[in-house]
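The following blocks contain the structures, represented as structure tokens.
Next come two complexes built around subunit A: one with subunit B, the other with subunit C.
Moving on to the complex of A and B:
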């Protein structure tokens, strides 16, 4: 099993990263703030302005270390990829499958099933653990509704109808999501999902976590040799990492939604860490962002039993495991893509 | 695994000073400097072989010495730090 590599997050706006031997050096006002050997890293995620030296970019590309730039507010800017590696035949097969309606439907069915089932788990856990704090009847109704959705998804559908079902399930799930906020209800009130820009604190937190997840899924797909831009469920659009978005669907409730709720319910972050801009968009401050990143890294080290592999893995390897399972399906080694079911 | 590497390189000659620089450079490529001639390296077995091979090739066994302390994966229980210059936990959240 692959080792879960560490990720360096650069959140100091004025930091500059350079290469020295085999080390990445984080400089601040021309003094070295941090020096790390590259072989301990798997990814570098930058929220800084001055950026990274070309030598370090090259070294990262060569060693298969992901390097990605985000705006300080978490919006994605760019990702550095080196020479295309991996298996050309695998990618050709992927493009072929993405043209084939029935193959797309089969993969998309798995992914949507995984997503709805995992959303349902999030709700069922709240019913189980906090029956006194939540509106059980409403949550139960949503959970039952999602269960029915699972059946309609399984009944076999086209990609078009799958997108509809997925959207339906998501809006129904987000209608009760606000209920799962047990503490700090005023600061983290949640009505509906808003994005570009997120309109309230909870949405800002979710958007930030989704950005982190998209990036990690995209690098995982690239690592196994798949093209993150050619999807099965999401339509092709220039510059959109459709396959990464596809694979995220099933992982969102597990890795992002649940973590957002824990951070709020455990009061690890507070409403004070968020500011509303004139445009209505909400931004996190530096301290909150660091808190979220630390929680995200810790969360990834927790272990779960993967239901398909029957192996204990850290949460953080889920994108890699799912990506390699998808690659196996594309190659024809598996009869269907097994989504991750959380229970 | 965690490996602690310490060295003593004789610097009375020019060649000795050169060896010291090269040894330090190799150690720095693989780990972090925790004290003047003390490095903590978080490496796998293959990387350790490589590093050891390079270091052994650099030193003059007549004059210099190298020590490797293999602390394994449970190294956290075996290392304690007091005072200034705390090291970075390479397996914990890395936020600069």
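Moving on to the complex of A and C:
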């Protein structure tokens, strides 16, 4: 399996990146702060204002290194893409499938199954590991409910009903999510998922992790030649990376939700790292963001056994592996899209 | 039965070595347009940035050395760039614009490693020679492979058997390309050094169970 490359996160607002030979050079006040060979890099994620030299953009495009710009607060701004990857035949097939109700339903079924099963794993692990700290009967009830949902999803449904089932499952899951916060329960109290803006610390943390994940999934899809904007479960909407959002469904519990809980429960971050603005919206401070990024990177190095490929891969490769599998399904090499099931 | 290809139909000549290494690898690169670099391909790329200098042509001891020479063949349906073409003074040669006398061309292809067991490098070199022959109306008896790792030059005789291999491969490449077809995986020992292994997923077919069965199994495990 491919080697998980490093991601360079540039969080210093005034840093400027340029190219020197085969290296990326990070400059601050005209002095070189860092120099890294491009060779091992997979992505560069910038939270800085001055940006990146055109030469470096070109080098990244040539070498398949993702380059994306986020606002200092983590909102997505832009992504540099080079010549379009992949085959137009693959994209045409993707567009064709996206117009076909039964094909959409089949792919969306896989994705929703993956999502619900993985949410269930998050809950089941809490029951297993922390039976004394959580309300076991309530969690068990949610887990059973999700299990039933899996049956309903599998029974065959339209995209419309799948969206309904997914929504139901998500709200049931988030109803007990707050219980999985075992420490710092006040600072990270969680009632329900809120966004635009997130209204509490936990939601702010989740939103940030989802943004990181969206970017990584979108660039993985692009790498294998799929169009991240044309989805099967999420409806088309200009400017929305629907396919990236589709594929995120199954990965969110594994990569984002579980990490958010660990960061809080291990007290790697604290409530002090967040500020509630007058509107009720919550912002994360720079230090916390850095802490989260470091944990995110570390998490991605951990290995898991992919139950379909039967290969050990780092967590960080999941978006890439799932994108490849989806492309293989779209091309007709597989009889269904196999989602990632976290066991 | 000779077909000629239009300029739009030409395929990259460098693909022939991928094609002979693994047809699926070729299709992933040229049909599906996917590419992934690894250490080996990066070394090759860097080696070539040194070789490629189209403005550099020199004449030494009666031999004209031209670099980055664009070539194409409408009968093979291939186009590409020769790293180096050496033109030696020879009675069997052709006139070159700007030079006195007649010259016989010989392509030289630079490779990062050392001589391989499979003759895919020879085939690429031969394809370049076939292009040159077509463009210059001359017959080219030999070409050279220069291996960077061992710093050694190997003479390659452009035999009829080798030429045949190249013609057949080119034809097959066009058939696949027109169909937009990617052959299925046939795992072999070359998969280990292939930079596209993670895109190809060589274990996907054969060993893995059908995806639908996998989904059912995972859901049923509770």
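We adopt the following convention: the second predicted complex is superposed on the first by the 343 of 343 C-alpha atoms of A that agree within 3 Å, B and C clash if a C-alpha of one lies under 4 Å from a C-alpha of the other, contacts with A are read in each partner's own complex, and residues count from 1 in each chain.
Everything that follows uses one rule, which is that contacts are C-beta pairs under 8 Å (C-beta built on N, C-alpha and C of every residue); 3 or more make two chains touch, one makes a residue touch a chain.
Computed from a prediction, not measured in an experiment: that's the story for all the values here.
Visitor: What is the contact status of A:117 with respect to subunit B (first) and subunit C (second): first, second, both, or neither?
Guide: Only subunit C is touched by A:117; subunit B is not.
Visitor: Using the superposition on chain A described above, determine whether A:15 touches subunit B (first), subunit C (second), both, or neither.
Guide: In the superposed model, A:15 contacts subunit B only, not subunit C.
Visitor: Quick one: is A:77 in contact with subunit B, with subunit C, with both, or with neither? Answer first, second, both or neither.
Guide: A:77: touches no partner chain.
Visitor: Touching A:305, do we find subunit B (first), subunit C (second), both, or neither?
Guide: In the superposed model, A:305 contacts neither subunit B nor subunit C.
Visitor: Which holds for A:141: it touches subunit B only (first), subunit C only (second), both, or neither?
Guide: So A:141 meets neither subunit B nor subunit C here.
Visitor: After superposition on the shared chain, which partner residues are touched by A:39: those of subunit B (first), subunit C (second), both, or neither?
Guide: The answer is both, since A:39 touches subunit B and subunit C.
Visitor: Which holds for A:297: it touches subunit B only (first), subunit C only (second), both, or neither?
Guide: First partner only, subunit B.
Visitor: Which chain, subunit B or subunit C, ends up touching more residues of subunit A in the combined arrangement?
Guide: C
Visitor: Between subunit B and subunit C, whom does A:189 touch in the aligned arrangement: first, second, both, or neither?
Guide: neither
Visitor: Just to be sure I follow: which residues of subunit A are touched by subunit B in one complex and then by subunit C in the other one?
Guide: Residues common to the subunit A contacts of subunit C and of subunit B are 22, 39, listed in rising order.
Visitor: Tell me, which parts of subunit B touch subunit A in their complex?
Guide: Residues of subunit B touching subunit A: 25, 28-32, 41-44, 47, 88, 90-96.
Visitor: Which part of subunit C faces subunit A closely enough to touch in the complex?
Guide: Listed in rising order, the residues are 31-37, 39, 42, 46, 180, 182, 184, 197-199, 201, 203-205, 207-208, 210-212, 214-215, 218-219, 221-222.
Visitor: How about subunit A: which of its residues touch subunit B in the complex?
Guide: The touching residues are 3, 6-12, 15, 21-23, 26, 33-37, 39-41, 290, 293-294, 297-298.
Visitor: So in the complex, the part of subunit A that touches subunit C is made up of which residues?
Guide: Residues 1-2, 22, 39, 63-64, 84-87, 89-90, 110, 113, 117, 147, 150, 154, 223-225, 307-311, 320, 324-325, 328-329, 331, 333-339, 341, 343 of subunit A touch subunit C in their complex.
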